[in-house]
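Chain nomenclature is as follows: A, B, C, D and E, assigned in order of appearance, with residue numbering initiated at 1 for each chain independently.
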Amino acid sequence: MPLLYPLLLSSALFGIGLYGVLARRNAVLMLLGVELMLNAVNLNLVAFDAWFADQLHTGQVLTLFTIAIAAAEIGLGLAIVLALFRALRTVDVDGVGR
Amino acid sequence: MRSVLRSHWLYVALTAVLALVAAIWAVPHLSEPGWFAYAPDPTGFTPPLPTLSPDLFLFPASAQIVLLAVGVGLLVQIYSTAYLGHHQRYRSYAMVIVLFLVAMIAVVGTTNLWVLLVGWEVMGLCSYLLIGHEWETGEARAGAAKAFLVTRIADLGLVLAILVIGETYGTYDLLGAQPLDGEAKNATAIGLLVLVAVVGKSAQFPLHSWLPDAMPGPTPITALIHAATMVAAGVYLAARMLPFYADSTVALTAMAVIAGITMLMGALFALVQTDLKRALAWSTVSQLALMFAAVAASDPEAGLDHLVAHGVFKALLFLGCGCLMHAVGTSALSAMGGMRRPMPVTFWTMTIGFAALAGIVPTAGFFTKDSVLHALESATEGDGALAGGTAWALFVVALITSLVTAAYATRLWLKTLLGPAPGGLDAHEAPLAMTGPLVVLAVATFAVSIGQPFHHGIGVVSTVIAAAGIGLVLLMWRRGSSLDWAPAPLAAELGLDRPFSRWVPRLTGDVASAVVDLDRDAVDVYPRGGAAAAALGTRGLALVQSRNVQRYATVLAAGVVVLVVVGVVVS
Amino acid sequence: MTIPIDWTVAGPATIVLAGALVALLVDAFYPRRTWLGSGLPATVALVAAGGELLRGDAGTYPFAFSAIVLAGTLFVVVASNVMNFENAMPPGEYHFLLLSAAAGGLLMVGARDIVTLVVALELLSLPSIALVGLRQGDRVAIRSAWTFFLASVVSTAITLMGVSLLYGIAGSLDYAKLRDGLADPRVPDGVVAVAVVLTVVGLLFKLGAVPFHVWIPDTYGGTSVMVAGFLSTVSKAAALGALLTLLSVALPSAHDAWQPVVGIVAAVTMTIGNVGALRQDDAIGLLAWSSIAQAGFLLAPAVAIGTSEGLTAPVQYLAGYALANLVAFAALAVVLRLRGSTGLEELRGMARSDPWMGIPLVLAGLTLAGFPPAVIGLVTKYVVIRPVVDSDHVWLAVVMGVNVMLGLAYYLRLVVILCDRPDGDPYVSPSPPVSVRIAKSAVLLGAGALVVLSAWPDLLLTHLP
Amino acid sequence: MSLTELVFLVLAVVAAGSALLSMTSGQLVHSALWLVVTLGAVAGCFVLMTAEFVAWVQVLVYVGSVVVLVIFALMLTRQTSATTAEVTGNRWIAAALGVVAAIGLGATMVAGFRGEDIEGRRIGTAGSIGQALFTDWVLPFEILSGVLLAALIGAIVISRSGSDR
Amino acid sequence: MIVAALLVPALVGLLLMIGRRLVRGRTAAWLGAGAMTVSLVLFADVWEGRADVSGEVDVSWIEPLGARLHLGVTVVSWPFLLMTALIGVLCCLWLLADDTSPALVGLVLVISAASMGVFSSLDLLLFFVFFELALIPMWFVIAWWGSSTSSSGAGAAHQSRFKNGARYSATRFLMFTVGGSALLLVGIVVIGLDGGTLQVLDAGSASLAAAVLVCLGFAVKTPIVPFHTWLPDAHSAAPTAGSVLLAAVFLKLGTYGLILFSTVLDRFEDVAPYLAIAGAIGIVWSALACYVQDDLKRLVAYSSIGHMGFVVLAISTQSSAGLAAAVFGSVAHGLVTGLLFFAAGSLKERFGTASMTRIGRGLYGRSPWLAVTFVLAAVASLGLPGLAGFWGELLSLRAAYEVGDVLTKPVAWTGLGLALVGIALTTAYFVRAIRLLAQGEPVPHDGDRDLGRREAVVMGALVVAIVVLGLVPALVLDLYEPIRFSVAR
C-alpha cells in the first residue's frame, strides 16, 4: 500500500479539523476539531511506523500516548466548558468572549 | 572709593598711564632703521597649537601707529569728560575705550598672529559696544549690529589667513613666518583672505556701508575708532601682511580695484551728504581706500604715513564736529553755519583739518597724500606685481578723487563753519576739555608733516588739482549756490547698501523660518512617526486581543502557516 | 535495545511529583484552607528536589534550566502565601497542580527524545491550564483558562503533526538519532523545514512568542497573579530549555530551516510585545506584554546555537529575567491583596508610601528594562546580544537594541508612577496577616538578590554555564 | 491495486467525508455522531496498516468514552436559544486556512514520501507494543500517568470552581 | 582616589534623596556643593601627567565578559572631568535657596557623579553603565522640576496628550537618548567581540557595523543633525540646573564618547565623512533655527547643536589638532553654555518666562549686571577671540583645513565652508538676541532685579573661567601640544 494514502488522508483530516476549530461556534465542537487534528497525527505516526517497521514502535507508542493525552485534554476541556457554561450560560465562543 | 570710581579723571589718568607706557615703549622704536625686521627661521611645517604669549615687537611704522592710537585715545578720553561726562553710563564708556586701546596695542605691537587676532576682534567688540552706547535708540542698535556683523564676518578671512600662514610656514609667529627672499607660498590665498578681512574692517567696497551707519555712536568714539585707529588698522594689517602676498598679482590687483572703486565712491558720497558726520564717515572710507591704493602699489610705507596723518586730522575733524554738535545739538549741515565768531577755536582748528583733508601745503595731509600719489605713479611703470595698466587706472582715479576730496572738503567747510548761521542759533564755544584736544590735534596736523618726503612733480600736480577743486566750489559758493547737490543715485548711495539692509536679513529670516518649520515638521517626523506607529501598533494589537478564542486560534494558525512558508522558502 | 532512564533528570522530577501528591493528600485529609498545610510539603519537596539536582551533574546546561525551574517554583510557592486560600483557592489542589507543572517543566528540560518531550509538555500544560482556572467563583479566571486551553491544545496538535513528520523523515524520535537522520535526509529540505517549524511551534507557544502570544495578555490578566508569575517564568524557562536542547541536540543539521524562523520570530516577538505594552493601564497587563517581549530576547540567541554562547546566554538572561519578573509579580500580588487592584494609578507613589514594596518593583522594572542602576539587567542584555552579533546577525542585534529603547518607554512609565508623589491620602497598610509578610519577605529577598547581582554580575555569569 | 488499498481508499473517503460532515453539520449531536464514524474509519485504517492494538485503543478510548463524554457535554450545555448559526463569521478565513493546511501538508507528504510503500509486515500486536511500552518507553509512560492524574484533578477542581461556592 | 571622587557625590546624592525630609534645601545645596568640591579637588589632584593614565583603578568585575572596573584619568578625560565637577559645584550653589528640594540636589549630584564616571571609565561596558545611569535621574529633573516650553516648540500639538510639556520633553529626551545608547550597546558588543576585550586601551574593532552603530549612538547624544530634535525641548523645559547639566555635561558624554570610541574603531574613517558633513550642516542648521527663536532657552539649546557640530567636525578629522579642538570645544561649550543657561535661568526666575518678547527690551538699563553677563556669555558663545568659545571653533577650522588623516579634501573643506557660514550666522543671531534683550528702550517690569549674591558668585566663577581659558588656552591645549612653542626672533 502506498505510504501516501494514509498521509494524504491525514492531511485532509488535519485541514478539516483545523477548519472545525476555527469555525465552529460551539465550544464542544471546537474540541472535536482538535480531536480530528490529533487523529490525523495518529494516522501519520502509525503509517510511518508501519513503513519503517520500527523496532522500538515509536510511532505506535506515541500514538497511544497521543490518544491518552487527547483523552486527558478533552476531559479537562469539557470541565472548563461546563464551568464556562455555568458561569456564563453559554458555550458560544462569541458569547464567551464578550 | 566710590567717588573716585565716579570721577572722570580716573579714566583719563588710566588712559594717560597707558599712553605713557606705550609711548615709552614705542618712541625708541621710531628711529630704528628699516621697515620690517626679517628673521626667517621656520620652526617646521606643523604649526603648534595656538597660544596667546604676548610676543611684543615693534618696528617704526607700528610704533607710530601705537603712538597715534594712545595719543588720540588720550585726547578723546579727555574730550569725553566734557562731552559725555554727564552720561549715566560714562564709566562703562570710558572703560571700553581703555580696553579698545589695549586691543589696538595688541594688534600693532605683537608678532603672535593669535594675539593680533584677539586684539583685532576685541576692537570690533569695543566698536560694537561703543556704537551701541546709546542703545535706547533704534539707529544706534541697528548701526552697532551691522558694524559688528559685517566686520566679524569679514574677520573670518583673517582667521583663515592665519590658518593658511600657519600651514604654509609652520608657525604662527609673524617674524618666524616671514617668507624667505620672495619665496612667498600660497601668496594669492593669503592675500585674498587678508583682503577680505581688511575690506570689512576698513569699510571698503563692497562692505563699506557699515561705517556711515555707525555714526549714531558718540562722536569722540567716531573720532577714535571709526576714523583714526580701528578702521585704519585694516590698512596696517594689509601693509604688515604685504610680504606674504607681495608676489600675488591677483591679490594686489583685487586690492587696487577695490581701492579705486572705494576712494571715488566715498568721495562722491561725501560730496552730497547733508549730515556732517556722515560726510566725514564717507570721507574716511575714501581716504582709507587711498591708503590701500598705496599698499596695492607695493608701497606700504606711504600708506601707513597717510594713515597716521589721516588719523590725526580726521580725529580733529570729528572732534570738531563734536564741538559743533555740542553747540547746535545736531550734526545736520542745515543747522550749522557762521561759527567763526561764536566758536573761534573750533573754527580755526577745523579749518586746518579741512585743509589737511583737501591736501593743502603744508599740512600733513598734503605730504602723505603726495607720497601715496607718488607711489601710484611709480607703480605705473609696471615693474611691481601690479600691472602697469591697473596702476595707471588707479593713479588716474586717485587724482580724480583728490579733486573731489578738495571739493567736498571745501563744501563742508563752507557749509558748517562759514555760511549764514541758521536762525535762532545760540552757539557758544565748547569747554576747554573739548577745545584743548582740538588745538593739540591741529598742531599735530602740522607736526606730522615734519620729515615727510616731498615729491616735486606730483606735489605740483596735486596742489593744482586741489586748488581746482577748492576753486570750483568757492566759485559756485560765490555764485550763490547752496551747494546742496543731491543727484538721486548718489543721495541713495547707489543702493549699494540694499543687499545688507534688506536682502540679506530678509533672506536669512526666511530661510531661518523655513528651517524652524522643517525642524518641526520634517526632521521631527521620524520620532513622531515612530511614536505614532507604536501607538497605532498598540491599538492594532488591542484589536487582536478580542478575548475571542477562535480568533486567537486563527491568528495562531495563520502564524504557523506564515512561519512554515518562511522556513520552506529560506531553507 | 532499550532507552535507559536518566535518573539525574527523573530523580528531581519524581521528588517533585511525590511532593505534589503529598501536598494534595495532606490537604485532603487535613483541610486547613491555609497555605501551611500543603505549601509546607511543597516547599520541602522542592528543596529536596533541589538537593537531588545538586547531587547530579551541577554546572551542566540542563542543570541550569532545572535549577531555574525549581528555584522559580519555590519562589512562587513561598510568595503564594499572599493568596486568598481562605475562600478563593483550594490550597491542596493549587500546590499539587503547581508542582505537577514544575515536574513537567523539569522533565521537558531533561527530555532526550521527543516522545518524552511531548508527554512532559502536557504535564506542564494541563496543570497550568487548571491552575489558571482555579480561582473559584471567578468567571474571568475560567474564561482565561478556556483561552489558554484552546490555544494550548491547538498548538499541541500542530506540534504533534510536526513530530509525526520528523518521525517520518528520521525514523526515530530520539534526539541523537534524529540528529543523524536529519544530517542526510532522504527527503527535500522543504519537507524538513515544514516538520521542524511545526515541531517548534508548541515550544514557541509555551514561550509566548509571536504569533503564539495571543493567549498571554488575557490569561495573565485573568488568573491569579502568582500563577501568572509562574507561567511567565517557570513555564517559559522549561519551554526555552526544551527548545534549546531540541534545536542544539536534535536539529542542528536542520539549522538552515529553523535559524531564520527563530530570528524572525524573536525580532517580531520582542517588537510586538513592547508595542503592546506601551499603553497598558494595568501593571499585570504591562508585565504580560513585557514578558512577550522578553521571550523575544530569550529566543534571539538561539540563532547562534552553533556557538557555545548561543546556549549559555539565554540561560543567564533567563536567570536575571526570572528573578526580576518573579519579584515584580510577587510584589504585585501583595499589592493586589492589600489594595484590591493592580492598576497603574493604584501604584502611584508606592516607592514613597510603601518603599518596601515599591522599591523592589522599581528595581525589578529597571532590571527588566536593562537599565542601570539595575546593572544585572544591562549585563544580561549585553550577554544576550553578544552571540547574536557573533553569529553575524547584526540586524537582529539592532532590532534588539531598538527594543531595549521601546521597552524602556513603558518600564519607565511604571518606575515613574511608582516614584511619583502619591495621590491623595498616603496608603496605610492595615497590618497584614503573617502570610502576606512571608510573601513580602520573599519579595525583599528577591530584590536583595537583584541588588547583589547588580553589584557583582560575576556571580550570575560564572555560576551558570 | 490490491484489496487492502481499495478498502483503505474507501475508508479514507468515509473518514474524510464524515469528518467534513461532522465539522459542518448544523445539529450538534449529528456532529458528534459523524465524528464517531470518522474515528471508526480511522481505526479501520490502523487495522489495515496492521496496527491492531492502536486500532482497538482508538475504538475503546475515542469511540467508547470520549465521544460519550462529548455527547454528555453537549446535552449539559444545550442552550435555550439554539437558533444561532453553528458556524461563526470566521468561517471563510477558517476554511481558507483549513484548505491551505490540508494542501500544504499534502504537498509536503507528496514531496517527501512519494513512491514509498508500506510493506505488510505485522507491526502492532499487543504483545510487541506492550513490550516496547514497558521497556523503552517506561519513562514517558509513567509521566503520562502523572498527566492523567493532573488532568483529572484539574478537571475536578475546575468543574467545582465554576460554582458559586 | 577616583573612586572616592565618584562615590562622595553619589553617596551624598543618594542620602539626600533618601533623607529629603530631614534636611532643608539650603543645607542640602551646601552639602552638594561640598561633595562636588571634594570631587573637583580629588580629580584635580589625581593628575599625574599627560603621558600616563592617572589614578588608575583596575579591579576585576565581570570576568566572563572581560569587563573590569577600570577607572582612570587620561589626557582626554581630565579636562572633561574638571569641567563637570566645576559645573556640578556651581549647579549646587545655584540651588542655594530655601525652596530647593533636597531631592533635586541629590539628583544633580547623582547625575554629576554618573557623568564623571563616564569620563573616567576605561572599560567600555562600565562606560555604558555610567552613560545610562544618569538618564533616569535626568528624566526626573526635567519632568518634575521643569516647566513647559512655549507653545512654539516642536511637537506642541502632541503635548496635549501629556499632563505637561516638561514630562513630554523629558520622555522625548530619554527615548532619543536610550535609542541611541541601545545602538551603542550593540556597537560595544561588536567591539568586544572583535577585539576580544572591553578595555579601552586595548580594544579595537575592524567592523564597519561597530563604527556605524557607535557613531549613530553618539550622534543622538551629541546631538548631530538630524537626531537633534529632542534637545531644544528638553533643554528649554528643564529647570536651570538641569539645563546647565544637560548642555554642559550631557552633550559632552556624546562628544567624549565619540573621541574615545574613534580611537578604538578601525573603520571610523568610513563614517567620518558623514559625521563631518552632518556636523557642519548642524552648525548652519542650528544657527538658522536660532535666528528666529523667541524663547531664549530654546535659542541657547539650538546654539548648543551648532557648537557640537564644530566638535564633531573636529573629531571626524582624527588629527591631533582635531583632538585638541574637540576637547577644548567641549569644555569651552560647557562653560559658556552653562553661563548662558544660568543667565537665561535668572531671567526666567525673574519674569516667569524665557520668551524674549515677554521679558522685554533694555535689560542694560533694568538689570545691568545681568545684562552684561548675558552679553558676555553671548559674545563668548559666538566665538570671540580672547574668550573660551573661540579656540575650539578655531581649532576645528584648522583641523578641517588640514583635512586630517581620514577625510578627503572636498569633504573637509565643505565642512570648513559650512562652519564659516555657521559662524557668521551665529554672530547674527546672538547680535539679534542682544538687541532684543539687552538693548532698547527699557520698559520697567516687576521682576527687574539685578544679580543676587548667589547668582553673582555662580556666574562670576564661570565668567572668570571663560576669560581665563580664553586668554590662556594653553592651560588645556598644552596637554595636546607635542612641542613647546618657541618664538623665533
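Observations
The rule is simple: a contact is a pair of C-beta atoms (placed from the backbone, for glycine too) under 8 Å apart; a residue touches a chain by one contact, two chains touch by 3 or more.
Since the structure is predicted, the reported quantities are computational estimates derived from the model, not experimental observations.
Both subunit A and subunit C are touched by B, D. Taking the mean of each chain's C-alpha atoms as its centre, the chain lying closest to the overall protein C-alpha centroid is E.
Contact counts per chain pair peak at A-D. The chain with its CA mean position farthest from that of subunit B is D. Distance from the subunit A centre to the subunit E centre is 65 Å, each centre being the mean of its Cα atoms. In terms of their C-alpha centroids, the spacing between subunit A and subunit D amounts to 5 Å. A straight line joining the Cα centres of subunit D and subunit E is 70 Å long. One simple way to say how far apart two chains are is to compare their mean CA positions; for subunit B and subunit C this gives 77 Å.
Counting partners per residue, subunit E has 175 as the residues that reach two or more other chains. Residue positions 88, 90, 93-94, 97, 100-101, 104-105, 108, 113, 136-137, 140, 144, 147, 151, 154-155, 158, 161-163 of subunit D each touch two or more of the other chains. Residue positions 1, 115, 118-119, 122, 126, 129-130, 133, 139, 142-143, 145-146, 150, 154, 158, 161, 165, 168, 190, 194, 409 of subunit C each touch two or more of the other chains.
Shown are all chain pairs that touch, namely A-B, A-C, A-D, B-C, B-D, B-E, C-D, C-E.
Of all residues in subunit B, those touching subunit E in their complex are 39, 41-44, 48-53, 55, 57, 111-112, 114, 117-118, 120-122, 125, 132, 135-136, 141, 144-145, 148-149, 152-153, 156, 159-160, 163-164, 166-167, 171, 173, 175-176, 508-509, 511-513, 515-516, 519-520, 523-524, 526-528, 531. Across the complex, subunit B meets subunit D through its residues 550-551, 554, 557-558, 561, 564. Across the complex, subunit C is touched by residues 104-105, 108, 111-113, 135-140, 143-144, 146-147, 149-151, 153-155, 157-158, 160-165 of subunit D. Listing the residues of subunit C that touch subunit B in their complex gives 143, 146-147, 150-151, 154-155, 158, 189-190, 192-194, 196-198, 201, 205, 210-212, 214-215, 217-218, 254, 256-258, 260-261, 264-265, 272, 275-276, 278-279, 406, 409. On subunit A, the positions that touch subunit D within their shared complex are 1-29, 31-33, 35-36, 39, 42-43, 46-47, 49-51, 53-54, 56-57, 60-61, 63-65, 67-76, 78-87, 89-94.
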